[in-house]
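After this come two complexes, each holding chain A, first together with chain B and then together with chain C.
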Partner chain A sequence: MSLKTPVLDTEVIVTGVPQSKRRRQLRRTAESYAFLSPTMILLFVLMIIPIVMVIGYSLQDGAIIGKDHEFVGLDNYMAVLTNPSFWNATSNTVIFTVTSVVAHLIIGLGFAMMLNSTLIGAVPRAIFRGLYVLPWLFTVAVIAVLWRMLLAPNGVINFLLNTNIEWLASPQLALGTVTFINIWAGYPFFMVSLLAGLQGIPSDLYEAASIDGAGPVQRFWNVTVPQLRPIIVSLVLLDLIWTSQQFALIWMTTGGGPINVTEVLSTFTYKLAFAKYDFSQAATSAVLVLLMSMVLAVFYVRHQKARD
Partner chain B sequence: MTRAGQGHSKALKIAGAAIAAGSLMLVTGCSGGSSDGATGDAGGDVTIEFAQWWEPELPDGEFRALIDKFEAENPGITVELVSGPYASTKEQLFAGAASGTMPDVVGLDGAWVNDFASQGVIANLTDLMADAGYDDSQLASQIQVDGGTYMIPVVNFVYPMFTNDDLLAEAGVTTPPTNRTEFADAAQKVTALGGDVSGWVLPLSLEAPNGVQNDVMSWVWASGGSMLNDGQPDLTNADVTSAVDYIQGLWDDGVIAAGSFTMKEQDKVEEFTNGRVGMMIDSLAHINLIRETNPDLNFSISAIPAEDGYDGERGIPYASWGIGVAENSEHKDAAFKLVSFLMSEDVNSELSTMANAFPGNTQSVPDFVNDDELFKTAFDIYQASYPANEFTGLPVAEELMRLFGEQLQAALDGQQSVDEALQKAQDAWVAEF
Partner chain C sequence: MAMSIQTRTRAARVGLVIGLLIGAVFAAGPVLWMLSNSFKSNTEIFELPPRLITESFSLDAYIAIFTDPETVRFFINSYVVAFAVTALTLLVAIQAAYALSRFDFRGKRVLNVIIVSVQAVPPITLLIPYFGLMVGLGLYNTYAALILTYMVFTLPYAIIMMTGYFNTLPKELDEAVRVDGAGSMTALWRVLVPISVPGIVSVGIYTFMIAWNEYLFALTLTRTIDMRTVPIGIQLLMGQHSYEWNQIMAMSVLGSIPVLILFLFFQRYFISGLTAGSVKS
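For the complex of A and B:
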């Protein structure tokens, strides 16, 4: 006669009490959510609630400061979308953003390739690396003050060029000038990221290409660019989102002027909120900016998913 | 699993729950809090908050000492100073207005009063004065909205004309100009000195558009003119047109320093301090700054030139450190005690002396008037003029300046005529009213 021992699963051994499968599943799910809850609560309170509130304001009249809030449907959207200043700001934002991103990419890639080159020694490379990354170390406020002083009619740039050009105060030059300052401030992000990417490209690929008779230009287009493409796409999408929301630099250098030539969506929205105290229309403008940014964000997420 | 293993698993779960609870507390801590700036304690004492930008602009510790004096005179009332730069204070007050958490006593700029009063977030001081039996006859001015006082100017900073006497002398101008023709002539002569020197400086930045108030409208007020008619915009009248035409003329003559369209008040002061402009209209508050930055600069102040032949009383622009009481304050009586303390004759003299400003109490006399020749001159100009700032108490005052500034810039840039600019500005202002 043999003695049979019942076979217990791990859960029973741990808890000492046999549980139904459904209860175990429920408990496991609850635990998962308990661990996720801090992040979910923070996201809910700091992201979802404010966004929903702003969308709510955009559908009201006299939001925040008005004594009586009234639901007005899409009236604020009609008002903002038929406001010529909004389209002027949109146009300026597109010019400012696209020019900045393209220049960031070209300058960042150029400097990254130079720093990755074997043609320069270790010491000069370290010096250049330090110099090139310098703009990234300054805060926007410092950059704005610095360039305002450099570009002043009596500033260093005009002194060196022996001119008296109103770089920031001229309606013809102001948008180009703030775009230039933004390019200067932002290229190191591209440079550092692309340099990391370049350092990860196996040298075998270049050697194989050389053996196949590829010159420097062909190696660049057929080895370097394809290898960097995932990084470039991510950087460009992120930079498009960030640059389209640039506020502090423009506000502190030109305030959206002269006249309205450097007015971008962020300064337009700020003025609606804090100069006109029209928080309903400011919320509307902010929601429109959010929608535009979300288009870019969707592309970014899809690109990231495709990489994974 | 061993007993130790079970304990580990339990500890992990407890830690997870604790983090979740902690996050909740953090979040509620961030969004919660007292909705009332004032607090009371069991002993009946009250603490009132006073938000202003004045303390950082005064010599270190002097404003706190004044408040300590108030606390000593009013046992049971503690004043908590909430001090920050002007821009931060403004943002804090507007956020407080939206959320109903304004500090009990607030430093106010005349440009904000209409908006706050319309929102009902600042108290009607006329009622508080009546409740306290306060005699307002000594107050130099009161800022009213719909017949009620909402702000009392504590000290005033006037904006006379500063002249660089060495530059003017070098250009052959022996006395500061008193009318527009003399001013234009002096500006041309100074500009003719060459180099990077200009006759006048005009800041028209749209980020901080107060140049429209201090440097443009001051020409209107100096000749007794007005930009309003029965409280409504009247930008196309002869006074404003004449002043803007005059400025357009100065611009066309090339006597205005380069960079106007993005220039701010501090840039203007810097240009003058560095001896690059002959004349500017600026706050008296900058006298010490100019002296400290360039001790060798030989400058004087005088009244803003008026239209040729004008002999009436001249308006002189001013900016105020105003004071008000929050509607949501639970201790309005204590808050008003602080207001009346700051407006009392001796205290107001003391505060004016600290700030190098003119008092809001007509009986107060700041010490510097007797000690400093420039301030004495300024005080004489102040007393011979009437304080003029028509932007005070207007709705969205800063936006009105910006709208005017945009049109003026377009006119100066040659994109439109002065008449067109004034008509467009008028239409934009009417829409805001």
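For the complex of A and C:
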């Protein structure tokens, strides 16, 4: 049987009819790539070349600004991986990211469920939704200066709490404070997506659960959560990727300080490059950050594929 | 023994309203405070007890922003960059989405995976080679540097959202035109694009927002004050006039208005586009 296949193939070419089919297919592929060529050129220039470059920098000495770029193998990786500041930044990144993501999910889901409740009318619901979505609409620069003003020692939050705390300058509180600001800034994305998800759950699932005697808590765990699971997994993975890459908020509120208690991987890498001008080690740190993000990306892509 | 259903419903409603109000203070309180302070005099901002409604309403802070050519320039730069990025992203993404939605070809799956994973590449990783590239190409401190590099953020989303939108439209629409002998270009631009306006609008808004809000690349790939964008401008204002909170707040309000307006008018398009595109893909 296996011998027959090549024979069949020549027949196809000789007879001509399927050949035109094949040619049409070829033409369609060519046409697709013509439509995709601007995208592919841009991705090549903006993604492939830079990643090759950054890996190149990480393997040499004096990248970008040095006179001679000597190949040093994995020396830079040894230097970065044995640098306690790198591990401090990694641990801060993990704390900042995990806390933010968990809080985004809880607050986002809580607000989405309140907004989805039929106990209040449609108009108040729309008003509250408009208010709840607000933090999402402000750029990080605005969020940073706004919270710096609110949290200033003589600011309104200290006034309301009757305290005089340096929220962003205290080594004990700074990481918690920037995490809180990030939670405020990021929950609406969860809320909006989960609200759309809640509205898509068929109401007869809840009715069936009620008939079976399930209370509100049981309905939440046995209907709501399983129904929302695919959206929740997507959101959590995306948020883990984004939050672990957060730079602007930290840079503009604490700059990584005081000392280095809010230093995360992106501010650590940025300082190596643009404060110490050690582009080789910065590139090394950047490659390590890329590897971490790629691990999360693999989970995300797999999950997306499973959903399709 | 148990509460009547009516009492229980009423209790639940009261609880819900209290919860909603607490949430509203959490979400909108800081924003209201920003707006209120932008209309105050600088001395009033730090008067105790703080007042949410100002006693001496004034537009001085806004006038200061509008009459300073330096701050006006921040806005011009942001608009130029954001509009250019939006136009270019739409042009490229519509074509890519058409191919991904309507054609079957070799390498399609791989390309899809690449486009999805590009979203996960950390900006800080790209920043270092971008800096090297832009200095090398002589594009450092130009609009081109920002417009080009922002597309690495906007393009993947735009393609995914746009493909999702095209997939919701029946293939017969554009296929009919192609069977009649018209080319794919005609099918795309004359048939598909005109009926995809809602999708294109939501992708455009999202793209504009990303470009308008971007901070890290703007910080690093521009140097002179006349090339800075609004987010950097806000931070600079903070450094220069660190005690003129009313001006900083006025600048923040002005810097947020484009996105607020876009969101207000196109909310429905935007949220449905987002959930169809980036979350469900």
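FYI, the second predicted complex is superposed on the first by the 275 of 308 C-alpha atoms of A that agree within 3 Å, B and C clash if a C-alpha of one lies under 4 Å from a C-alpha of the other, contacts with A are read in each partner's own complex, and residues count from 1 in each chain.
Keep this in mind: a contact is a pair of C-beta atoms (placed from the backbone, for glycine too) under 8 Å apart; a residue touches a chain by one contact, two chains touch by 3 or more.
On a predicted model such as this, the values are computed, not experimentally measured, just so you know.
Aligning the two structures on chain A places chain B and chain C in clashing positions.
Judged by the touch definition given at the top, the superposed model places A:Phe86 against neither chain B nor chain C. By the touch criterion defined above, A:Met114 reaches chain C but does not reach chain B.
Chain A is touched at more residues by one of its partners, and among chain B and chain C that partner is C.
Look at A:Phe274: by the touch rule set out above, it reaches both chain B and chain C.
With both structures placed on the common chain, the touch criterion links A:Arg28 to chain C but leaves chain B unconnected. In the superposition on chain A, A:Pro171 makes contact with chain B only, while chain C stays out of contact range. In the superposition on chain A, contact of A:Pro153 is made with chain B only, not with chain C. When the two structures are aligned on the shared chain, A:Gly256 is found in touch with chain B, with no touch to chain C.
Residue contacts after overlaying the shared chain place A:Pro135 against chain C, while chain B stays out of touching range.
For chain C, the stretch among 25-33, 115-123, 151-159 or 223-231 that collides with chain B in the superposed model is 223-231. Chain A uses residues 31, 35, 38, 42, 46, 64, 148, 154, 251-252, 274, 279 to touch chain B in one structure and chain C in the other. Contact residues on chain A toward chain C in their complex (touch as defined above): 28-29, 31-33, 35-36, 38-40, 42-43, 46-47, 49-51, 53-54, 57, 63-64, 110-111, 114, 117, 119-120, 124, 128, 131-135, 137-142, 144-150, 154, 156, 159, 184, 188, 192-193, 196, 231, 234-235, 238, 241, 244-245, 247-248, 251-252, 265-266, 269-270, 273-274, 279, 282-283, 286-287, 289-290, 293-294, 296-297, 300-301, 304, 307-308.
By the touch criterion stated above, chain C contacts chain A in their complex at residues 9, 12-13, 16-17, 19-20, 23-24, 26-28, 30-31, 33-34, 37, 46, 48-50, 91-93, 95-96, 98-100, 103-106, 108, 111, 113-133, 135, 148-149, 151-152, 155, 159, 184, 188, 212-213, 215-216, 219-220, 230-232, 234-235, 238, 245, 248-249, 252, 255-256, 259-260, 263, 271-272, 274-275, 278-281. On the side of chain B, the complex with chain A involves touching residues 1, 5-6, 9, 13, 16-17, 19-20, 22-24, 27, 30-31, 91, 94, 97-98, 115, 119-120, 196, 204-208, 257-263, 267, 276, 396, 398-399, 402, 405-406, 409-410, 413, 415, 432. By the touch criterion stated above, chain A contacts chain B in their complex at residues 10, 13-14, 31, 34-35, 37-38, 41-42, 45-46, 64-67, 148, 152-154, 164, 166, 168-171, 174, 251-260, 271, 274-277, 279.
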